[in-house]
């Protein structure tokens, strides 16, 4: 499926931390770590594993801008 | 201000496209382009300009995972 | 790409209303109309057109529950 | 209360899975299952129960579009 | 309708700024101004007007914490 | 860091409830309680504690409007 979300950053999964219902998946994207909070069910359905290539996908309206 | 959002990707603003109320700001983050939709008011208040260093900031619960 | 978002409702696009930067795309999902606000750029890149089959995709953490 | 969220899909709760702080509530909306991640506190305050009629409510800016 | 969103701050609408598709509604909540970006369609359907009492409603997973 | 999020409500933390991966932080903002769901990691990194001054930060596109 192609999706309208504007941002899709390719990287590699470095850790998967499952909680009771919510999992935290961390992806290394060109040296920066991106943290994602998704459902445990999504981790299982996609068969996510550490070391796997994956994308961090974010809708443009969920991206803020910060400046120093 | 330090903020709880887990993701803060440093880059450089490559374009600012103001609409009627909503602006699209695009940041080059290590070669990947990240698009952000924020208010025109935020663009003005932060004084955002093309070429400026800035961060794309995203809450972990707004990051999805995609796999090929 | 397979995506972690838990909700993917199949329907047909009934209208596309482009604004200055943000477009509203409405999908008929089994008789219910679902409204999506996405970037004009996404509408163009996906080549969205009225009458086309499409999915309304929503992350579980963005779904609220209401009761009468 | 009437709310600005554009999407309100009527259905019936098929499961409630409480975690440590976050609950997953699944609603059958015309045969499609919609998954919602809300706080345990919301489940209790609304008195949600399996079999109950409820709405999946989503803000338009949280709906993405996918195409095959 | 009662809704699972944990945050509902009562205030008074101080301005409504309609764009091409997206409107910005600002509410005075006990002296603090809260800005909301919603669809023009929602402004019309709810019949929002300056001076009117209204609530700023936010899902807990959309609230970040900042510290100085 | 200054951030594009339009809403930053100053208050005092009244409770922190850590789950397996997700924490609920409640802030008293001028008498109203605002609930935030963030990662446990954010609670630790920011060193959040009950009684501390903090801000509830929300992007304008995540604020809905409700009317009675």
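By letter and in written order, the chains are A, B, C, D, E and F; residue numbering begins at 1 in each of them.
Here, contacts are C-beta pairs under 8 Å (C-beta built on N, C-alpha and C of every residue); 3 or more make two chains touch, one makes a residue touch a chain.
For reference, the UniProt names are A, B, C, D, E, F = Molybdopterin-binding protein.
Fair warning: this is a prediction, and the values are worked out from it, not measured in the lab.
With centres computed as the average of Cα coordinates, no chain lies farther from chain E than A. The mean-CA centres of chain A and chain E are about 29 angstrom from one another, to the nearest whole unit.
Note: centroid distance chain B to chain C, computed from Cα atoms, is 22 Å. Here the CA centre of chain D is 21 Å from the CA centre of chain E.
Averaging Cα coordinates per chain places chain A and chain B 17 Å apart. Taken residue by residue, chain C touches two or more other chains at 1-6, 8, 19-22, 24, 35-39, 41-42, 46, 55, 57, 59-62, 64-68, whereas all remaining positions touch fewer. Chain contacts in this assembly follow no simple pattern; the graph is neither a line, a ring, a star nor complete. Of all the residues in chain C, the ones that touch chain B in their complex are 1-5, 19-22, 39, 41, 59, 61. Within the complex, the chain C residues that touch chain E are 17-24, 35, 37, 61-62, 64-68.
Residues 1-6, 8, 36-39, 41-43, 46, 55, 57, 59-61 of chain F touch chain B in their complex.
Residues 3, 5-10, 24-25, 27, 29-32, 34-38, 42, 46, 48, 52-68 of chain A are the ones that touch chain B when the two sit in their complex.
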